[in-house]
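Next come the structures, one after another.
Shared chain: chain A. Partners: chain B in the first complex, chain C in the second.
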Partner chain A sequence: MSPEGRRSDDAARTPAPGLPSDERALLAALRRGDEEAFETLVREYGGRLFAVARRFVRSEEDARDALQDAFLSAFRSLARFEENCRLSTWLHRIVVNSCLMKLRTRRRKAEDSIEDLLPRFHEDGHQAVPSAGWEKSADVLLESREVRDLVRAAIDRLPESYRTVLMLRDIEELDTAETARLLDLTENAVKIRLHRARQALRGLLDPSLRPAAAC
Partner chain B sequence: MEDRPYITCRELIEFLYLYLGGELPSERVAEFDRHLNVCPSCVAYIETYKETAALGRQAFQDLEQPVGTAVPEELVSAILSVRRKT
Partner chain C sequence: MLTCRALAAQLLDFVDKNLGADSRRAALRHVAGCGGCAAALANYRTTVDLVRAAYESSSGLRDEAPVPEELVQSILSSVRTASDDGGG
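And then the complex of A and B:
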């Protein structure tokens, strides 16, 4: 958005002065329909976006489809790009949206309940299985490839609706409002679902990460 | 005042996201702190809950480098080809 907070028709077509000069030049070329600019956009931003799609939809084929859909959607939306964020941020939102659509249209099986992965309590409200700290901090744990694989596999085991919220908030780093908008949920529902997803993920990781004596 | 019942582990864990997000009123925060002063299990739960969030955030980072460098050539061609046709 322009500093004055209003837009004219010209402003809707001309890259804002706030964008870095290389992005302004690229955007202007894209809006002129310059074929080389489209290729530059795909090559320069596509790798990172492809990584987003692969971790989100998990299958290589779906990731390719999601990336292609995202770029085509971006090409169609160039005139509406308001330049109130970096090109990379704008494209990231589009590819995430494309991945969500892919997940929605994919044939879905009924979700498993998350209850078994959540903490259990006695009738008096105490934890049924006392918690213990883990032997190492996250930073140290993540030095191990095995632990990184373990965490990714555990995230993949979450029911899809919980996995999606966790991916959007913790991995893609979208804020609560944006996540709520993309998933058509209230912000409060996003917070609760994220909390339950983290609890379930913790439950999946705990047996492998707590000290042996505490099992 | 000392006779007030403690909140339970269930209450603390159920509303933990509000506590950690700084979204509870101060009197409610005091109730959570009071419970944590006497419950090492909930202290450990919070610690590992935070570690979980950190692990989730960072577990994909090593995938970004090799994958993030380039889009497969045939995919670049496919995207540009579809664009020309539309």
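And then the complex of A and C:
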């Protein structure tokens, strides 16, 4: 097994001392073309990356394709890994990219508008339907498996372009600049989409989390 | 005087602490006198916390999905093929 560039001077590159020793050893073996090392990489990091792919693309088949494409891309890019981050971070970026490409090829139909999910205001700027505070804090709510399922289902109801930004920023924890670069948007557009996605999500969760109406 | 609509537009920057001092003071003044916006702000914060933890287990660890063995083998096979083709 010989990753692209391995035969060049990159073959002799020593992993940076900043990487943990186990990752340095794994990376060195990968760059030597050690087949067992690649299997170790797949088995050690695959579970978390597969979870990323499944929550992003949602279809099992697409998630499998995205994961396979990601590992192939990682193999081809080993020589270019600059070791300025952990292997897991590098692989995470690659699988996110792979998922975005998969989503782009799937995005064919027009999106539903998000407007109906956003808060409404009277002409004078007051809330049309005053918000009521939810009874429980996030910490308490998150103890419930049902609430997690409810939140995931609500995220899946967002229009795709908003869901993608929310996933990248709030779940995959990419910063605004990197999200903008990946989606070919301005940073301001990312902020606007994230805000609208959160607002819409709050609206979707509200009927289930607001206090029951007094009789 | 800040309206509810104007405050709603600033929630992301407010929560992320990216509002300037004057804007933050104006937002806090509005929230102090508007129960609806106080609830909207609290619910917005809770929404962000819920989203961030939605894919974690109750112990706070990120979900993992076991990779099916046939997928592992398929990945290894595709990498072997790429290698045989000249390193990708």
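Going forward, the second predicted complex is superposed on the first by the 200 of 215 C-alpha atoms of A that agree within 3 Å, B and C clash if a C-alpha of one lies under 4 Å from a C-alpha of the other, contacts with A are read in each partner's own complex, and residues count from 1 in each chain.
Note that a contact is a pair of C-beta atoms (placed from the backbone, for glycine too) under 8 Å apart; a residue touches a chain by one contact, two chains touch by 3 or more.
Bear in mind that the values here come from a model prediction, so they are computed numbers and not experimental data.
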item: Clash or fit, chain B versus chain C on superposed chain A; value: clash
item: Which superposed partner A:Trp134 touches (first chain B, second chain C, both, neither); value: both
item: Which superposed partner A:Leu166 touches (first chain B, second chain C, both, neither); value: both
item: Touched partner set for A:Gly33, first chain B, second chain C, both or neither; value: second
item: Contacts of A:Glu143 with chain B and chain C, given as first, second, both or neither; value: second
item: Which of chain B and chain C A:Lys191 touches, first, second, both or neither; value: both
item: Interface residues of chain A shared between complexes with chain B and chain C; value: 35, 38-39, 42-43, 46-48, 50-51, 54-55, 64, 67-68, 71-72, 75-76, 119, 121, 124-127, 130-134, 137-139, 141-142, 145, 147-148, 151-152, 155, 166, 170-171, 191, 194-195, 198-199, 201-202, 205-206, 209
item: Chain C-facing residues of chain A, complex; value: 1-7, 33, 35, 38-39, 42-43, 46-48, 50-51, 54-55, 63-64, 67-68, 71-72, 75-76, 119, 121, 124-127, 130-134, 137-139, 141-143, 145, 147-148, 151-152, 155, 166, 170-171, 191, 194-195, 198-199, 201-202, 205-206, 209
item: Touch list for chain B against partner chain A, complex; value: 8-11, 13, 16-18, 21, 41-42, 44-45, 47-49, 51-60, 62-64, 67-72, 75-76, 78-80, 82-84, 86
item: Residues on chain A engaged by chain B in the complex (per definition of touch); value: 35, 38-39, 42-43, 46-48, 50-51, 54-55, 64, 67-68, 71-72, 75-76, 119, 121, 124-127, 130-134, 137-139, 141-142, 145, 147-148, 151-152, 155, 166, 170-171, 173, 191-192, 194-195, 198-199, 201-202, 205-206, 209-210
item: Residue numbers on chain C that touch chain A, as the complex places them; value: 3-6, 8-9, 11-12, 35-40, 42-55, 58, 62-68, 71-72, 74-76, 78-80, 82-83, 87-88
